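Look at the two complexes coming up: subunit A is in both, with subunit B in one and subunit C in the other.
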Partner chain A sequence: MDILVSGLLLAGTYALVAMGLNLQYGVARIMNLANGELLVLGALASFWLFVSAEMSPLLTIFLVAPVAFAGNWLIYRFLLLPLVKRAKSQGHLEVDAILATFGMSFIMVGLMLSIHGEYFTYEFLTQPITILGSIVALNRFIAFLIAVAIGAGLYLWLNHTRPGAAMRAVAVSPEAAGLVGIDVARMSAFAFATGGAVTAVGGALISTFITLDASIGVLFTMKALIIVIMGGVGDIRGAILAAIILGIVETAVATLIDPGLTLTAAYLIFLLILLFRPQGLFGRRAT
Partner chain B sequence: MNSTSWKEPSIAAIVAILAASVPLVFDAYWLSVSVTAMMYIALSTSWALFSGPTHYISLATGAFFGIGGYLVGTGMSDYNLSFWLMAAIAPIVATILAALIGLATLRLSGVYFVIFTLGLAEMIRNLVSWIQNNFLGSRGLYVLTDFTESHIYWMLLIIACCVYLLGWLVNRSRLGFALRIIGNDESVAKHVGINTAMSKVILFMTTGFFAALVGAVIAPRYTYIEPNQVFSPELSFLVVIMALLGGAGRLWGPLVGVIPFTLIWEFVSIQAPNSTTLFLGLVFLLIVYVLPHGFVGRIDQINKKLKERSH
Partner chain C sequence: MKRRSTLKLAVGAALAAGLAFGTAALGGETIKIGAVAPKSGPLAGGSTVTHWPTIQLWVSEVNGRGGLNIDGTQKMIELIEYDDKTNPGEHIKAVQRLITQDKVDMLLPPYGTGFHIAAAPIYAKNGFPLVSVTAISDQVDSLTTKFPTMFFTLGTTSAFVGGVIEILNDMKAAGTIGNRVAMVNVADAFGIEMADAARPMLENAGYEVVYDKSYPLGTPDLSPVMKGAKASNPDAFLAWSYPPDTFGLTKAAITENLDVKVFYTAVATSFPAYGGAFGQAANGVIGAGGTNPDDPKIAAYRKAHMDVTGQPADYWASANTYVALQILEQAMEGVGTIDRPAITQYIKDNTFDTIMGEISFDKQNSAKFWSVGQWQDGVFRGVKGSNVDGAVDVQVKSGWK
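Right, the complex of A and B next:
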């Protein structure tokens, strides 16, 4: 029971981060491998403002979101759009995007190491509470609630508004979306920026209950990617279910076997998905 | 067989003979730099054998390299086996692992493959550390041999030559032709009846084999082996950078990237040890935005222009 509760709470933030990556890959078609570093950057902002200005991480996210949005928009507009334009095929774009975002991730790690080379340790809302008979720290629960709220808002926005529909159209087919008068380049930039903002907010939330450091980003990139692939690219329901599976399996492995093996557990899930359902949990096999 | 097809291997043979004399000329410091460079030449040339034609970016080098170093360490330290035996077993283990990874991921699009290899070294390191802590006890492993730096250098040179020779043979074979078609357009390759997955898996196995062999041969240099040290994700990225910087489209491309990069990397690591990560990132961006086909691409471009002018 303890495993289920903490696994589920962890899954909330994982799902949020995977949603951010999903927007970037599903709509903007950029496989962003600097995603984890962006998450750590959000965590660093939260840590730094808490330690130096005693600002609550719950307020920091309102600062992190617009800054990350603007930063990611600029990155897409000036660094990634040229790659999209010069790419002869989706395959070429993927290779270029992977290399470019690797470069960005290393630059971000380098900069963060020079800002704060040690662990981002701080204590925020650590008092215990009881949920369904299990004792968890309040910060985990709060982070989960905020993640769910943002996720739900994003879901409603995508499914019930005109810009949301336009964005889903780009995700299905950029060519067709262009034909019906959607500004694909603008929508892609917007999706990339929104995805980045969501990821950075996820990082600020995670930092309240997991101690991070500047170079841990790649682990979160892996996790987000595994969730997106498991759930199926562009499939929000799938991503949520995948995040829950990953959150619970990781917590189970960490408590029952060894905390050092969580990545191995994630890999095992990844391998099973690749072997049996490469199209995602709910996806249909391409014909 | 015409004369131009033998030009490249003949030049390569001369270069190899010159390279073999390095330990006789250089002092200890430059010899140690040369060993590092030779290690990267072997690693990135074998990386480019697979990734050059297919455009699949493999980040598994660190994992295979680690398997090589670790197996030599554990075999010699824990089981008293000879270095040569372990150096023979390690590449076979890595080749089998590469085959399994290849079969699981190379049937799918390139993105899955990159992602899978991205965390591979880290995952194997976690697994090995866990097995060692819980079942084997000891943490550090000793690799004690009579090899000097010169011996290691010559062994690496032989491996590099083998990689080169293999690449030359593959390029002239049906397999090399098939890979080039796959790299240009995979669906065309499928339609003309190429078993695309199998061709990719075979080439990926050779990179696994050579990376583990290099890892095994260089292990005596470190004497003391720890999982944290040999399973280094950074190594995978360095190999990718050097190969792409030189240009993965030609057999001698990675060589052109390794030599300047090793020297600059040596300089940066000593002068600004805290900025190495930042530097790696900048080189990645340089490759994507300024040198998309590496130095080789630039050289070809200049050659073409010169030819046009002379006409």
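Right, the complex of A and C next:
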């Protein structure tokens, strides 16, 4: 039971890390290597407001979300859209986007180092609560609930609203979506901005229980990439399922075998999925 | 405050552009001093607490009194800083550049044990003294034999483990604890070396290691580790940990309400941010390092650190870093010229008056250092050390409230 509860909470963390990238890569077709840095930026905002103004991270996320949305929208409009327009093919765009966002990640690391080079450490709701007989930290549980809310919200929106349907259409085929009157550029910008907002909110929440620093973003980018690729690009259910698998397996391995083997287990699963289902759990086969 | 933020912004901008950042003194003759340490990458969070601010303080103090007296004239320090991105390869390249391109007169020590060992050959080859601070190793003898310009000041792996075991022994003798010890370590050079040293030492001292696990650096959820440790029902909990997991393990211990009389985490326990984050819960936590904040010289240093850099010094290696700079300063002025072999010899032969008292080297190793400290009412105080004054009594950890 401990394993299931802790594993699900860890899955919530991983879902927060990966859902944003899933939208950005799945719909806007931007392989955003600055994803982890954006997450750390959200964490920095949360840390900084908590330490200087004693503002609860649970309030900070309502500030972080619109700011990150606007910031990412601007980044897409002015930095990435020119790349999208001149790209001759999907592959071409991916290479350009990877290079551009990789550079962006350095700028963001530099900015964050100049603001606060030390560890973002503070204590917020570390107290224990008991869930199904298992002790967990309240801050992790809250992050999990919000991850569930964001995941469910995105799923419902994508599958049960018109803009959501348009978004999925863009994810499947930008050309065809354009032919049926969907403003692909606008939809992509919207997806990129939403993804950014989700990632930054995730960072703000994660900072309550993981100690981050300005340079740690790349670890989260890696994790997000693994989850997105495992789950299948452009499908929010895939990212969530992949996060759950990783969370539970890592916790089970840490508890039953050895904490030293968690990374091995995670990469083993990743390898197996790449071998037997290269398109990801929910991905479509490339046509 | 404003000055500090503009300076920091400049550092950030320089970093963003991937350029080096130098603080040039204006006019007059200068002495060029180079420093390479992480400003980004995994160790940056530590070096921006312990390493860089103390260098900034030292340069501003020396230049504030008119510079170093070399060749009969006062020379202002021109500091050239490079970011090694926490990458040994980058580190070596930057040191090479400082020596060949910038033609520095002196080099300051790197940050982190691995970087000292990586850099020692190039310092030795070019005759630069390397007064190590943040390097803890049991290989001091063989390293100093191999590298005649290398000096150690922060102690050895076994001294750090030994300090902890002394505390356990005292408590066991007093009947406070039994002999059940839970031990975890980060699966990284430092954590592995510490755990390997601790295992036989604990066993010889009659302790039963009831939980002994490692976890990878950057583990996002340490609660399975803490649950396992708690289930082993230990009297003492020891973690040979690095900064992110030092904080993570403490959070997990609070959540799980790990009821032990001794709770030890290693690196970063001495950071002011640790006490800042955990407040009263930190009370009684023991960790690597320590200092005597009541000593007037240390107190004056800590105050100057706050005034000049706008951030508090840590309760451990910050002071040692300043000591290393004082040793270099006194050796350069003592020799009177930039004659590096003579300066190295001077460091070997002389006693230095520092904020930690008199320091001298025996076979290039100084045996004056703190090994264990404890958070007591918001201050991290040294409780065990070698040849240091002002150690306070260890308190028994009682709960996390």
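Couple of notes before you dig in:
What we mean here is this: the second predicted complex is superposed on the first by the 267 of 287 C-alpha atoms of A that agree within 3 Å, B and C clash if a C-alpha of one lies under 4 Å from a C-alpha of the other, contacts with A are read in each partner's own complex, and residues count from 1 in each chain.
Please note the rule applied: a residue touches a chain if its C-beta (ideal position, glycine included) is under 8 Å from a C-beta of that chain, and two chains touch if they have at least 3 such contacts.
Note that the coordinates shown come from a computational prediction; the quantities given were computed from them, not determined experimentally.
When both complexes are overlaid on chain A, the residue A:E94 reaches subunit B alone and has no touch with subunit C.
By the touch criterion defined above, A:A254 lies against subunit C but remains apart from subunit B after alignment on the C-alpha atoms of chain A. Judged by the touch definition given at the top, the superposed model places A:S114 against both subunit B and subunit C. By the touch criterion defined above, A:D2 lies against subunit C but remains apart from subunit B after alignment on the C-alpha atoms of chain A.
In the overlay built on the shared chain, the residue A:T13 is in contact with subunit C alone; subunit B does not reach it.
Legend: residue contacts after superposition of the two complexes on their common chain; A:L219 is shown touching both subunit B and subunit C. When both complexes are overlaid on chain A, the residue A:F106 reaches subunit B and subunit C alike.
By the touch criterion stated above, A:L33 is placed in contact with subunit B alone, subunit C being left untouched.
Residues 106-107, 109-111, 113-114, 117, 215, 219, 258, 260, 263 of subunit A are contacted both by subunit B in one complex and by subunit C in the other.
Of all residues in subunit A, only 31, 33, 79, 82-83, 91-92, 94-96, 98-100, 102-111, 113-114, 117, 215, 218-219, 221-222, 225-226, 229, 258, 260-261, 263-264, 266-267, 270-271, 274-275, 278 touch subunit B in the complex they form.
Residues 55, 57, 104-105, 108-112, 114-116, 118-120, 122-123, 126-127, 129-130, 134, 186, 233, 237, 244, 274-285, 287-289, 292 of subunit B are the ones touching subunit A in the complex. Interface residues of subunit C facing subunit A in the complex, by the touch rule stated above, are 8-9, 11-13, 15-18, 39-42, 44-45, 48-49, 86, 184, 187, 213-216, 218-221, 223-225, 227-228, 243-244, 247-248, 251-252, 254-257, 268, 271, 273-274, 276-279, 281, 311. On subunit A, the positions that touch subunit C within their shared complex are 2-3, 6, 9-10, 13-14, 51, 106-107, 109-111, 113-115, 117-119, 121-123, 126-128, 135-137, 140, 209-216, 219, 250-251, 254-255, 258-260, 262-263.
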